[in-house]
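Structure below; questions to follow.
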Amino acid sequence: MKPDMSVNLAGIPLRNPVMTASGTFGYGQEFAEYVNLESIGAFVTKGLSLKPRSGNPTPRIVETPGGMLNAIGLQNVGIEAFIAKKVPFLRTVNTPAIANFFGNTVDEYAELARRLDDIPEVAALEVNISCPNVKQGGIVFGTDPDCAATVVKACRAATTKALIVKLSPNVTDVVVMARACEDAGADCLSLINTLTGMAIDLNRRRPVLANITGGFSGPAIKPIALRMVWQVAQAVKVPIIGIGGIMTASDALEFILAGATAIQVGTASFINPGAAQEIAEEMEAWLVANGVADIKSLIGALEV
Amino acid sequence: MQFTAMILSNAEVSPGYWRMRLTAPQEFASARPGQFVMVRVAGAIDPLLRRPFGIFDVGIHTPAQSGAVAQPYFEMLYRVVGKGTALLATLHETDLLDILGPLGKGFNLGTADEEKLIVGGGVGLAPLYLLARELVQQSTVRLFAGGRTRDDILCITEFERLGVECYTATEDGSLGEQGLVTEALIRRLDALKGRATIYACGPHGMLNAVATIAADRSIPCQVSLEGYMACGVGACLGCVAPGQGHSTETPDFRCVCTDGPVFESGELKWRD
Amino acid sequence: MKPDMSVNLAGIPLRNPVMTASGTFGYGQEFAEYVNLESIGAFVTKGLSLKPRSGNPTPRIVETPGGMLNAIGLQNVGIEAFIAKKVPFLRTVNTPAIANFFGNTVDEYAELARRLDDIPEVAALEVNISCPNVKQGGIVFGTDPDCAATVVKACRAATTKALIVKLSPNVTDVVVMARACEDAGADCLSLINTLTGMAIDLNRRRPVLANITGGFSGPAIKPIALRMVWQVAQAVKVPIIGIGGIMTASDALEFILAGATAIQVGTASFINPGAAQEIAEEMEAWLVANGVADIKSLIGALEV
Amino acid sequence: MQFTAMILSNAEVSPGYWRMRLTAPQEFASARPGQFVMVRVAGAIDPLLRRPFGIFDVGIHTPAQSGAVAQPYFEMLYRVVGKGTALLATLHETDLLDILGPLGKGFNLGTADEEKLIVGGGVGLAPLYLLARELVQQSTVRLFAGGRTRDDILCITEFERLGVECYTATEDGSLGEQGLVTEALIRRLDALKGRATIYACGPHGMLNAVATIAADRSIPCQVSLEGYMACGVGACLGCVAPGQGHSTETPDFRCVCTDGPVFESGELKWRD
C-alpha cells in the first residue's frame, strides 16, 4: 500500500516533506531538467532583497572536508525582477513555491513581506534573519533574540501568508532564538542556515574566499543541524523544517524523527541535481519497507 | 543531462596531463565546442563537489565485439592539480562516472571567410580541439599554443592532423619559441590581410593579454573562462565573472556556467 | 639550513608548535610507541577532575561525515590517581606536559588549579570551561562571559603556572568570550573545543550516543575552528593555540597564518597515532621548501 | 605497531563474509589469539576512523618467485555491514592497507588437562580460529558455532581440519540443529566429566547467555567483546565496558581495546 507522505506545514499542504533550500535551487527553473518539480513537497527560491544585489567578488566557493563554504553575498535579482521574470514560471508548477528574503533594516524586511504578500504564486514566506543589522552596527538580526523578534513582528504584521523564520546556528542557544521567533508570530521555523567558516590558501597566504569568511554547509554540518532541530522541537509548538547536510533519504528521516515536519535539501542538489526527487522517492520506499503507513507518525518519534 | 558514463580509456598524454574517453548517450553527440561537463569524481563525500572539465572531443565508439551497437563517446583532457583530478587519474577502463552535461554556451563559429586564430595555454587547449575540428571545415585555422615547458604543450599532433597550422611557445624555450605565445599571435595579426576571429582558453593572465590585443585591433575575440563551480547550472552563483559594465552600484555578474563559459571578450570586465 | 621551529607559549618554550589535544592522547604514555614524545612541542593530558569520574554509558562514539561525535562524559582517573600513577611517566619525558582540567563549581576549578600548581612535572594548566555550572542550573561556564571570567579569575589566583583557557565554539560571539578570559587573567587561549552535535540511528529510532548529544570533532569542523582562531587573533594580545580538525602540516600552518602560536592535534591521532610527529616533521619540511627561516614569522601572517 | 600491509588475497567465503590475507612484519608473527588490528580503510576522510577486526590466522607467506623471502601474513574474516567493510570488499591483491596492531590482550590458553569449549556466533568466529589452532596442540577442543542461517556458519571445514569437533546450530534450521547454539553447549556441559574452559565471541546476547551458563556451573569462561572504537590504544575511552562492580558511585569501566577485548566473564557486569 502506498504510504501517506503528505504533511501540513503551517496550513500549507505538502505532498511530501521534501523541500529544496534557498540559494541552492535557483528560482526552481534551473533544476526543471533534473527534478520533476511536482515530485517534491515545495521549493524555496533564492533570498530576495528590495533592490538587486551584486554579491561578493570571487572566489565565492570552496570545498572543505565533507562540506563547502560559500560567500555569494546574497546576490539576487531584487523583488521587482523576481515578479517580472521569475514569478511567471512559478505559475506553471503545481508545487508550493516559498520566497526567501532578507533586509538590512526592519523596514526593509517588512516592506518585502508586504510585496511578497501580494504575489498569489508565493505560497509562503521564509525570512532569513542571518543578515547584519546595518542600524545596530552590524549585529546579526538572527543572533539576538530581541532583534529577531522585532523583525518577525514587523513581517508578521505585513503578511497573512504563512511566515517561516529561518534560524542561524551561530548562536549560544538556538532554543532562545526559536522561542523568541515563535512568540513574535512565526508560523514555522526552519533551521539551520549556514555556520560561519573560513578557509586559507597556505601558498598564497590568503583567505580562499574574497570575503574572508563564508557560510558552511553540506554533510559535515549534519550533526550540528540535527542537534539543533531536536533541541528546538522540544521547546516550540510550531512546525519545524530541518536543514543541514541532508544527502539521503536516511538523513531526511533522521531529521523527521528529531522533530522536523519537513526538510530542505541544500548543498546536495549541487552534487546531484536530482537529489530532492530521489530523496522523496527513497523515503517513500523506506516507509513501505518498514511498514510505516503515514510519515506523520515519524515526526518527533525519536525514543530518548 | 545527467548520465552514467563508462570509461573507455584513460591515459597520461604528457607528464601530469591525462586524456579520458567515456561513453555518452545519443543526445550527447550534439555537444557544441566550448561546452563542458561536471564530473562526480567519487560516489561519497570526498571530494564532495563535482569538478568541471571542457569537452575535448566527441565521436562514435564502435565496440570490437560483433553485434555491439555503436555509441557516442566524449573525451576530456585534464591536468592533475588536486584531489579530484588525482582520483580521476587512478580510474580504469570499464569504471563508471556520473556526468552532468553538456553544459553552458559554446563558441560562436562565426563566418567562413575569416581566419580563425586559436590561442591556448596549457590545459586551456582542452575545449579548443573540438572547436578546431569544426572550424577547419570552412576556414583557415591557426593554433597558438603556450605553456611553461614542453610538457604543457598538448596534443599538437592532433591539431596538425586536422590541417591546423600550429605555433608553439614555451617560457623556458624547451619547445617552440621562447617566450609568450601572444608574441606569435601579434606577429600573425600584423601580417593579417583579411578578417579574423580569435578564440582563447587558458590562464586568466593570458586571456587578459589576448583580450587587450584583440580590443586594440578591433578583432572579435571569444574567451572561455574558468570559475570555481558548485552546481554548473546557474543556481549557486559561485562561478560568476564581472561583466563589462560591472560596478558595485551597477552590478553585472555573469554566470560562467550558464552565460558562458565562452564570452565575447568585450562583454567582460578585465582588470588592468 | 634548519628552520627555527621553536615558539614561546606564554613563557613556555616549545621546540615546535605541535601539541596534542586533551582527551585524544591519553596521558602521553599510550602513544609512546607511535610518537617520539620529544619530537613534538608539548602534550596535553586527559581532562582531570577532583574525584575520579566514570563518564557516560556506551555507545560513546560515532563517526559522522568527515568527523566524529564523542560523549565520553569526562571519564578520568581524578587528580589523586593522576599524581600517583601518571605523573611519574611525565617526569621521564623531556617535553612540556600540560594538564587539562574541569570542575562543576568555581571552587572545584580553583582547588584543581591549586593541586596542579604543586606538581613540578606539569608545565602549564589548560582549563576546560565547556562544563555545565551545576550551581547555575547547568549553564555552561564557557558560554557565558561572566561565568567564564569568574572561573578564570579563581584559577588565576590559585596558580602561578601559565594558565591556558580552552574556549567553547558553541557561542554566538567567541571574541566576547576570549576578551573576558584574557581580562580575567588567562595567559593563553586555546580553541576550539568540540561543537555540540547529534546522530540518530534511523532503524532503532534512537540517538546513536547513549548521552543523546556529543562533542563534534575532526576534519569536518576545521572551517569553523579556523574562523574562530582568526577572529580571536584580531582581538586579543595573549598567544592562541589553534585546535580543530588538524590532520596535516598544511592544516597546522593555516592555523598559524590565522594567528595561532601553536596548534593541537586531536582526532587525527586516532586515525594515525603518529600524526603529531608527522605533522611537526612535515611543517619543518614545508618551511625548508618555502625558504621560511623561522616559523614565528608565519604567526598571523595571513594577508587579508 | 603501525605498518603498511599488502593484500595477498581477498575473497567472499560465504554470502556477505570475506576473508582477507595481508602481509605483516616479522614481529607480527607473535600475535596472540584474541588480539585485533585497527585498519585504516581509506587514505582520506571517508570513512574517517579506523575499523577494528580480529586476527583470524597468522602464518608465513612464501612468494612463488625464486629468491623471494618468506614473510609473515595474517588473515581477517569480516562481514560487510557498512561503509568501511563494503570498501574493504572492493580491494584487490597488491592493494595496500595501513594497519595498527596486534592490539589488546588475547585469550588465556589455560591448562592442557581440560576440555576447551569454543562458542562462536556468526563473524564472532573470527578470533576463535587462531585460538583453536593453539589449543588443539594440547587439549580436546569442541566448537559450538551458531548463526541465523547457514550463511552465518563460517569456515567450519578449517576448524574440522584442526581436529576440532564441531556442533552447529542455526535459528532457521538451514544448517545443523535448529535453535540456539547454547543448547548444544549445555548438553555438552551436562555430559562433561572433567574440567573445562569456555571461550566465546559473538553478539552481546549470546555472550551474556554463555556467561550465565558458565557462572551457573562455575566453569571458567573468557569472552571477547566488541565496542565502538576510535583509537584502539586506550586513549579515547570510547570502547569501554562496565566491570563487575561498576556503578555510578563506584565507577569501574574497562577499556575493551587495552584491558580486553578478551575478559574473564566474571570480571564484567552483565545486564540481566
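Per-chain numbering from 1; labels A, B, C and D assigned in written order.
We take it that a contact is a pair of C-beta atoms (placed from the backbone, for glycine too) under 8 Å apart; a residue touches a chain by one contact, two chains touch by 3 or more.
These numbers come from a predicted model, not from an experiment.
Chains that count as touching both subunit B and subunit C, per the definition above, are A, D. Between subunit B and subunit D, the least number of touch steps comes to 1.
Each chain gets a centre from the mean of its Cα atoms; for subunit A and subunit C, those two points are 34 Å apart. Subunit A and subunit B have CA centres that are 36 Å apart.
Mean C-alpha positions place subunit A and subunit D at a centre distance of 47 Å. Within subunit C, the positions touching two or more other chains are listed as 65-67, 218-219.
Residues of subunit D found to touch two or more other chains are 45-46. Those residues of subunit D that touch subunit B in the complex are listed here as 44-46, 83.
Here subunit D touches subunit C in the complex through residues 1-2, 40, 45-50, 98, 100, 227-231, 233-241, 246, 248, 251-253, going by the rule given at the top.
On subunit C, the positions that touch subunit D within their shared complex are 23-26, 30-31, 33-34, 46, 52-55, 58-63, 65-68, 70, 72, 75, 218-219, 247, 267, 269-274. Listing the residues of subunit C that touch subunit A in their complex gives 64-67, 69, 143, 170-173, 195-200, 202, 204-207, 212-213, 216, 218-224, 226-227, 230, 245, 250, 253-254, 257-258, 301-304.
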